[in-house]
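Same chain, two partners: chain A is paired with chain B first, then with chain C.
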Partner chain A sequence: MSVIAPNFKLSEFIKSIIDDVVWTILILSLIGLPAIMMVLFVIPMPVIDGELLTPFLAFTYLADPTRTLPIVQAFMTTDMFKIMAFPGFGFAALIAAGTIFIERKMLAKLQLRVGPFYCGKVEGILQLMGDGLKLISKEIIIPAKADKPIFWAAPVLFVASAAAFVALIPVAPGWVVADVDMGLLGVFAVIGFFPIVTILSAWSANSKFPFIGGIRALFQMVSFEIPLILSLLGVVMVTGTLNLSEIAASQSSFPWIVFLPVGAIVFFITMLAELERIPFDLPEAESEIVAGWLTELSGMMYGLVQLGTYLKLYAFAALFVVLFLGGWNGPMIVPPFPMEIATHGMEMGPVTVKIGGLAPILSQTITQEMLNGTLWFVLKTVGVIFFILLPRGVFPRIRIDMLLNLGWTKLIGLAFVNIFIALALVYAGVLGPGGLQ
Partner chain B sequence: MTAELPPGLAIQKVDERIMTLNVGPQHPGSGHMRIVVQIDGDYIVACDPDPGYVHRGEEKMAEYRNYITNIPHLERPVIHDSCNVLYPYVLGVEELLGIEVPERAKYVRVICSELNRCIYIMYWLAIYGIFLGHSTMFMWPAGDRELLIDLMEKISGARVTHAHFVPGGVRNDLPPNFEEVCLRQVNYFEKRIKEYAAVFYDNPILISRTQDTGVLSREDAIRLGTTGSVLRASGVNYDLRQKEPYDVYDELDVHSPVMKEGDSYARSKIPWLDMLESCKIIRQALEKMPKSGSVRVKLKPNPKGKGLDSVYKRVESGRGSLGCHIVSDGKVEPYRLKLSVGSFRNLIALPYLLKGEKLGNMPSVYWSLNYWPVEADR
Partner chain C sequence: MADAVFLALTVITIGSAIAALEMRSLIYGSIALMGTLGGIAGFFFLLDAPFVALFQLAVYVGSIAVLILFTVMLVKRELIFKKIEDRKRKFAGIGLMLVVMVSLGAVFLDSGIKTITTDEPAVDFRDIGTDFVTYYWPALILMGLILAGSVTGALVLARREDVENDQRVS
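On to the complex of A and B.
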């Protein structure tokens, strides 16, 4: 086996760490602290917990870090936090990154190899970061006769559409970026953007293989949107709402997959097609049309499309969880936080540590329900993602005429069967008033 | 549009519906060649294979080297099948020089030849898998191939390019304890490739995708001069190991698989059945092989042919019949050497098969022809 780090010496490694620490402290104290001071004196400070956040007060946080908790709580209730971090983009991107890693390792195990192994020392855990750095550092080459503004915009639009899709997903009770009454309709609208973005990117590249790939993607996505929408109508009928949070909350005793398994199967298959996963990865069929509509994309443009693809994968898996598997509902397995620590402080030998501001954050923001809901949601989503990834190791790619035949005849027929099942359940009184739920 | 075209290009009026795709040589689905495909929507209206990107002049090179120094470079066209590529040449030189090969060497040659056939088919199958988008079928054969490569490494010392056959026998005797190791590895290999049926050959998507695509009828297969697995997939039971047995194949029980369908599923399944048959042949050869004895006749330095003479020998390689025509004028080098390879003869069928097919069938039909670009170009 080749040597991973040929000239590794422990003394030089320690020296490099010490060098880094010294330089960090030096730069922080010479440039960082004066900059913070200047900013603190110029910007008007917000009022938090009835106190004006003066620079003096801000510096007292250095002595007592628990005083930042109200600020953290105030930040966590803002829309910006929801969009950027928790139920929105950051959370989804984290799951997407985990998905890529799991996909590569799982596929490698299936195919009797090891997968990413060296990068990050532990099972190649930093391989994704390495790939990302490589994509960022690569030159972006645009075809000479491409329609440049559209070609540039397409990857950004793709990620934006995927992020808009992510914004509609409720993760825990009350934790959703956009809690709209027409949530499911919004999902359909956002899904409708993907073929447009794809065909724009493919056509503007002015190249043959992307063009064929774009046409294929258009065919595939448009024809599978119809069974997709029809397969979800059953859930809408039995719940009587389009709001995704309400649909998730309505499954507190039974997930809808128990009553509507046909719809769930149809939705899962159409999901694979919408995501261009094997066996439906015709728009990127390598041996036929190089990389399909991604052929001319290079560098970070390709990276953005990949990010968008995996965000979309997370969003579809999460939608499946919300609609069919009960969303955040599940037995309470997160233990309650010992509240006397928040109220009376924590005794550590002779000292009693009081953490001010912990009680409101635990009772209002990071509650036990929220943690439990998020845990169940993530577990279910990862399970669905696993089943989305699995066909890649088992199936070959199918052909476009077989795909369209499947979409237009079998899946639409099954979706109607599902609708009739839902109608029967509602009219027979199994569900609805007086029924099970 | 037709105003100022160069003379060669103005022959045909190009319909605007028709798009010309250059598949290769830098396309992931082509190999070292180019296929000019004209498509109308999703249908292929014309296809023009354009080999020649890896032409290395093997035949001309052979005229400047003597009969022994020709050995290592003549196996270059298909390094994965290097024993079989060398086989007709070695047989021909033996006939030219009038050498009788020891019995044990003949059996060793059969074992090496069958092992190499499996090695080649595994590589071919790996590429067939990835052409259909089945990445597991790429990794499994590429990994299991190592079992047989290990065996060949034990025999010849080289993993891929063995140069093990020489006029007069084989270069070295088998290593000690080889029979048990070979039997064990081949038995495991056979068990392993039987598992491929579950994941690949019985896969409903694969069957629905490749059945009834690129159908080559029995008559067309004979008329176009195809050979090997392509011919046998069209229902013609023609295997040189049975029809013209060379070395000790007449003492062994060879049952080449034949299928009648002639579609790309049959063409992809025949090599797999060939591998199972090869395992049986190896076991028979190990059983019947003389346990000791010479494996090589010592030749004089710089052997020469006997005056003006020519010989044509052919064997069944991984891609079908592989012929070698050697013309000698009594010097130490051959006067002319000509290889008749199965790859090129199978490629001739490609334009007939792809016409009217869908673009999505192009990789599966193309690679089911058991075509190796480097061999076709020589």
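On to the complex of A and C.
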């Protein structure tokens, strides 16, 4: 009979556990606590209830769970939270991860396959985590003749560009990382960085397949940037602003896709090309050039590029929603939170549970508008992502000359048609001052 | 804060400009050129002109630097450049650059830039648009004509005579 651990002794097991505990406590008290205190002394702490949150007060709060809500609220209003968690990186990465899984599963269903199935028992729900662990634990292989600094930097730069793109997207009223006046121009500037990173990564690998893929990516992205920019000018003309939050807020009655369908179609097609999605996935054409410009990337470098790609996909879908589908606007379907729970407490028989600090957080930070706006934004974004994923199961890849011909002649022409439609709507008085909005 | 950013931008811009000229590797040189152009965009940000800064990023870093990078990648350096190490030329070049910079600086300092107010709010980009279609309309039309002419010229140059009509993509 085989056992898992033949030399198992209970006494040694207990001794090892006690050893671990003692060492943990020792290291935590000697290094961990002073480190936490130092960090807490360096960070500027918020003022809560007219009282400066010193580290000592913070520890007191942490011991009493009901008093931590003001700390949470103060944290949620910081820029750090916005960058890391909600409208920024964490939120986008969550949607990107969901997109990868849905894509694999949906594509499998479209092609009458099963898709991820075993990992996590229920329809392969843990496949993504498994893939992530695999990528992290894999060895990173650098080609011998690669240009190492650029090769190392390229995946990080790709994720950084995608994250900069995500930072410009307004999710709910007031919930945007960088609320710049020139948001749309910022988007154009950030989009311009992707071909640079791609071609540098492809060149630095010093291999034929990545270089061919990189040149294809460069051609495709640079030539489709022009119809992309032109197709969005119509929206700028009818709204008269470049701020993405204001553009989203201007669609409270109807989305711009009603008036500018040509621009929306052109933007959608150029979006597919910028994202290297099928039918425009020539830079990664796996049946011709292995994996295109990703061929030599291995391990977590490949994982970073994939993360950046899907962050970019989310950002483009969100941009489509903000510009053409009305952003966060939608009917108020989130019910108002029963405020008497916050003000008077919850009565459960003889016991009344009262949570302090719940009223300000509900009326200032997590408001009904914010929840409703986020819900509508996510619903619309997921819908657009679905339509980006769908062609992968339907269309074949097109040739590079057809692609460039499409971009340079047809799409630019259609973008100009869209601009003239927008101009006609403004000058006829349908939109703009004196018109509908 | 603004002074520190200004100094950092100056170091980045001038340093990467020197690197762009002096680097042996053409690829690294063009990357350094991107740094220079990006640094100039940073100066525009500091000057409260985000419109110009973002266009600088989108056009110069995003398009022109990419064009240079792409061209450099496709050539073999040994075939087109002969390395000439000439100390006289080098010092003459540095001297010429100093003369140009000093004279330009003298012009700038003489132009009343010292009395400029620095706390003005950023210029609204709508004002730029209004100016373009009212006072500066001849310049706008001239630019449009030049751009249309260059696009037409590029199309004429790119049209290949040896491609049969049935080979073209319809």
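Assume the second predicted complex is superposed on the first by the 374 of 437 C-alpha atoms of A that agree within 3 Å, B and C clash if a C-alpha of one lies under 4 Å from a C-alpha of the other, contacts with A are read in each partner's own complex, and residues count from 1 in each chain.
As a working rule, a residue touches a chain if its C-beta (ideal position, glycine included) is under 8 Å from a C-beta of that chain, and two chains touch if they have at least 3 such contacts.
Keep in mind that what you see is a predicted model, and the values were worked out from it rather than measured.
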{"item": "Partners on chain A (chain B, chain C) - clash or fit", "value": "fit"}
{"item": "Touching partner for A:W203 - first (chain B), second (chain C), both, neither", "value": "second"}
{"item": "Which of chain B and chain C A:G240 touches, first, second, both or neither", "value": "second"}
{"item": "First (chain B), second (chain C), both or neither touched by A:Q111", "value": "first"}
{"item": "Partner chain(s) touched by A:D401 [first = chain B, second = chain C, both, neither]", "value": "both"}
{"item": "Touched partner set for A:D281, first chain B, second chain C, both or neither", "value": "first"}
{"item": "First, second, both or neither for A:G186, with chain B first and chain C second", "value": "second"}
{"item": "Superposed arrangement (fit on chain A Cα atoms) - minimum chain B/chain C Cα distance in Å", "value": "8"}
{"item": "Chain A residues contacted in one complex by chain B, in the other by chain C", "value": "399, 401-402"}
{"item": "Residues on chain C engaged by chain A in the complex (per definition of touch)", "value": "27, 31, 34, 50-51, 54-55, 57-58, 61-63, 65-66, 69-70, 73, 122, 125-126, 169"}
{"item": "Partner chain A, residues of chain B touching it in the complex", "value": "19, 21, 27-29, 42, 129-140, 143, 199-200, 203, 205-206, 208-209, 358-363"}
{"item": "Residue ranges of chain A touching chain B (in the complex, touch as defined)", "value": "107, 110-113, 208-209, 212, 278-279, 281-282, 285-290, 392-402"}
{"item": "Chain A residues touching chain C - in the complex, by the definition given at the top", "value": "147, 150, 180-182, 185-186, 188-189, 191-193, 195-196, 199-200, 203, 215, 218, 222, 225, 240, 242, 399, 401-402, 405"}
